[in-house]
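Shared between the two complexes below is chain A, which has chain B as its partner in the first and chain C in the second.
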Partner chain A sequence: MLTIAGHNFKSRLLVGTGKFASSQLMKEAIDASGSEMVTVALRRVDLDDPGDDIMSVLDRERYVFLPNTSGARNSDEAVRLARMSKASGGGEWLKLEVTPDPRTLLPDPVETLKATEILVREGFKVLPYMNADPILALKLQDAGAVAVMPLGSPIGTNQGLLTRFQVEIIIDQARVPVIVDAGLGAPSHAAEAMELGADAVLVNTAMAVAGDPVRMAKAFAMAVEAGRSAYESGLGRRQAQAMASSPAVGLGFLN
Partner chain B sequence: MTDLNRNRPAAFTAPDFRDIAELVYRSSAADVENALLKERLSVQDLGALLSPAAAEQLPALAARASALTTARFGRTIQIYSPLYLSSFCCNNCRYCGFSTENKIERRVLTLDEAEQESLLLAGRGFSHILLVAGEAPAKMGVDYLVELAGRLRNRFASISIEIQPLTEAEYRRLFKAGITSVAVYQETYDQDVYREVHLSGPKADLENRLATPARVAAAGMREVGIGALLGLADWRLEGISLGMHLAWLRHYYWQTALTVSFPRLRPATGDFEPKVVVSESDLAQLLFALRIFDHDVGLLLSTREEARFRDGMIGLAPTRYSAGSCTAPGGYSNPDQTGEQFSIDDQRGIDEVCRDIKARGFDPVRKDWDAVFQQSASGGVSRKPIY
Partner chain C sequence: MKIICNGKEMDVKDSLTIEKLVVDLDLNPATVVVECNGSIVLPDNYAEQQLSEGSVLELIRFVGGG
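Up next is the complex of A and B:
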């Protein structure tokens, strides 16, 4: 069972709502993913409008609603968006994204830490999107983040777990859940992160732009389960040379 | 925020068309294939994609551009509307309906009239608005825009402008007032043609215009739009110049999002006939090439283009469409209003455009920003729409 900030989740797959061909297709894909936590860009929705195309199809009873600050380029903007969200009934969960470079959308470590400190003080449950920097993960955790979200590779690139080595260190050190976010372009990438011991993964682009988003969502759900089961079962160590399954080493000389 | 003014670069210099022509006209089919296989393209590669040789491989260009566009922007098209504020202009530009020489009914909307027009657009479901005006600072200056932005910012997710070049300090003022994006098109990067078609007025100053996008970015605006008016000079070379301008802006102003527009000359009041004919295939090739060169740039296709072409291009390269546009100030309140800047070819309203985007399996996104990003001078933005 995945527990974030005292809240239990059966599914270890978080999903995003961007880039889908329609909000109906988005809803069907999210249903199929089995996810219980859904992130929505605050810039994209109008929380005050009951007819908003995204919010009107998301069942807030069924999913933990995780608004994100996509588009913020510094801590001030992220904090302002978060407060607006809370004031409009967006709740206290927050996926913090501070991405000053509109091209790569890579997260700003300094501003992310600053915003985390402010928002934690204000009672938000902050899940910061971050580069796969183990020291930053520790600092964010110390600042009160309820989970850390290191990237596998830049958003939307489908490159997979290019940060594997760093993510492994983060997983080893973290006291809060580690959710690998961004760049997971195929179910095998998600499985790889889960096998490594990630507590969860977040997927959006790979589902949204798939030929059949609903089937792709199911495929990710299965991959996440498979990866987690493998991790919990205790994976064999990788090694450079072949090794016999039943080693026949003669030790009869020992008395 | 990072001080964008530190290490300020020297101004962008447009290439001489005589120097870049060979990048296009000496490219072979093999150069095109090579460029299509690359992740990070050079200006030479862009030249190959804009070449006559690449025109023979248009479906391959379309496929590559489409894959990149969908990966970066998803299955979405963002929707915006222009709002024409003033047709007064002190420039004499041979191609433009607002040119000072043209005898048209001129008008500048009062703030109340502009607000009224915006209410109509908000009521139709537009959330991104582009304020457009000819260059006549005495009729409509920065004070007017600051005042208008103050009235509009609670109703629109984002406000952009397409008006005369301003100073960096003026852009800073407008940014503070809630305007986040500025479009300023060079019209043509061919310096000889530029001087030939801009007969008089401030716009005749080529260097000042060319340096404007950098001033916009330095002022902290979130987005700057550049563009070339197709029909004035060799579009392939305009394409290389646009690519070089984009790359230069990305290099020095990495926090600024970039867009490109591709206005194709249409019949306007006055006698100007396009100097070169740019076909739909040419325009498509230009969009594909720029997308493949710059994966993240926003590409706009306005209602200057026919519905058939705009529908066909969905998912291939463009990311933003306007809808239901009128290019005469006051034209939304009064459909009989004359004095438009140019005539439009896609007459569909927003609902029709959105329906046709959906029919192609794409999501017409009406809101993809939020006024809350901007701190208003009064210390916060009301969330409640007034309409």
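Up next is the complex of A and C:
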């Protein structure tokens, strides 16, 4: 059971709601994923084409909504978005994102820590999106983050767990859940993160842009379960030297 | 009178309330957050708060995102 800020989740797969071809497809994919926590973003209403209201598409009883601060370039903008989110009924959960560089979308560690401190004081349950920096992960936990979300690779790149070495250290030191976020492009990437001992993963692009997002969502769900089971079962040790799986004795008849 | 709504100039009736504007735009007041002249307006105040000439409004809501 995954517990974040005292809230229990059966599923260890968090799903983002962006980039799906239609609201209906998004809804079906999230359903297939078994996820209980979904991220959403805040944007200006397009007054010429308001479109579907995501808050009426998704059942708020069924999913914990995790609003993000995507688009924020510094802590002031992130805090402003967080306050708007709360005012619009988004609750206290918050995926804090501060990404000043549109080319890499890498998170700003200094501004992220600063915003975490402010928002924790204001009562938010802050889950900061962060570079896979073990020292920063400790500082964010000290500041009151209820989970940390190190990136596997840059947002939307589908490159997988390029940060494996650092994520292992973050998991080893963590006092709060570690959710690997961003860049997981295939179920095998999600399984790899879970086998390392990540508490959960967050996936969006890989599902949304798949040929069949609903089946892909199911595939991610199975991979997350497989990876978690493997972690809990205890993986065998890696070693350089070969070790026969078949018995070394009883071969006398070959002579 | 003229207001700026989501970056565009809009001609509206004098003493229009935020609630009336949101409903006129066919939006759900329960899921739209309103910022007026840089300050968040809480939903409880939509019915009372009147707009004035030059008011700068932002109508924001949740959309799909990761």
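Quick note on the criterion: the second predicted complex is superposed on the first by the 235 of 255 C-alpha atoms of A that agree within 3 Å, B and C clash if a C-alpha of one lies under 4 Å from a C-alpha of the other, contacts with A are read in each partner's own complex, and residues count from 1 in each chain.
Assume a residue touches a chain if its C-beta (ideal position, glycine included) is under 8 Å from a C-beta of that chain, and two chains touch if they have at least 3 such contacts.
Being a predicted model, the structure only gives us computed values, none of them experimental.
In the superposition on chain A, no contact is made by A:137 with either chain B or chain C.
Of the two partner chains placed by the overlay, only chain C lies in contact with A:40; chain B stays clear of it. In the superposition on chain A, A:55 makes contact with chain C only, while chain B stays out of contact range. With both structures placed on the common chain, the touch criterion links A:88 to chain B and to chain C. Contact with neither chain B nor chain C is seen for A:223 once the two complexes are overlaid on the shared chain.
When the two complexes are overlaid on their common chain A, residue A:20 makes contact with chain B and with chain C alike.
Contacts of A:202 after superposition: chain C is touched, whereas chain B is not reached.
Applying the stated contact rule after C-alpha superposition, one finds that A:29 touches neither chain B nor chain C.
Legend: residue contacts after superposition of the two complexes on their common chain; A:68 is shown touching chain C, with no touch to chain B.
Within chain A, the residues touching chain B in one complex and chain C in the other are 18-20, 42-45, 47, 84, 87-88, 156, 205.
Contact residues on chain A toward chain B in their complex (touch as defined above): 18-23, 42-48, 71-74, 76-77, 80-81, 84, 87-88, 100-103, 156-158, 205, 208-209. Within the complex formed with chain A, the residues of chain C that make contact are 5-8, 25-28, 30-33, 35, 40, 42-43, 58-66. Those residues of chain B whose C-beta lies close enough to touch chain A in the complex are 1-2, 70-76, 157, 222, 250, 254-257, 296, 358, 361-363, 365, 367-370, 372-373, 375, 383-385. Residue ranges of chain A in contact with chain C, taken from their complex: 16-20, 26, 39-45, 47, 50, 53-56, 65, 67-68, 70, 83-85, 87-90, 155-156, 182, 202, 204-205.
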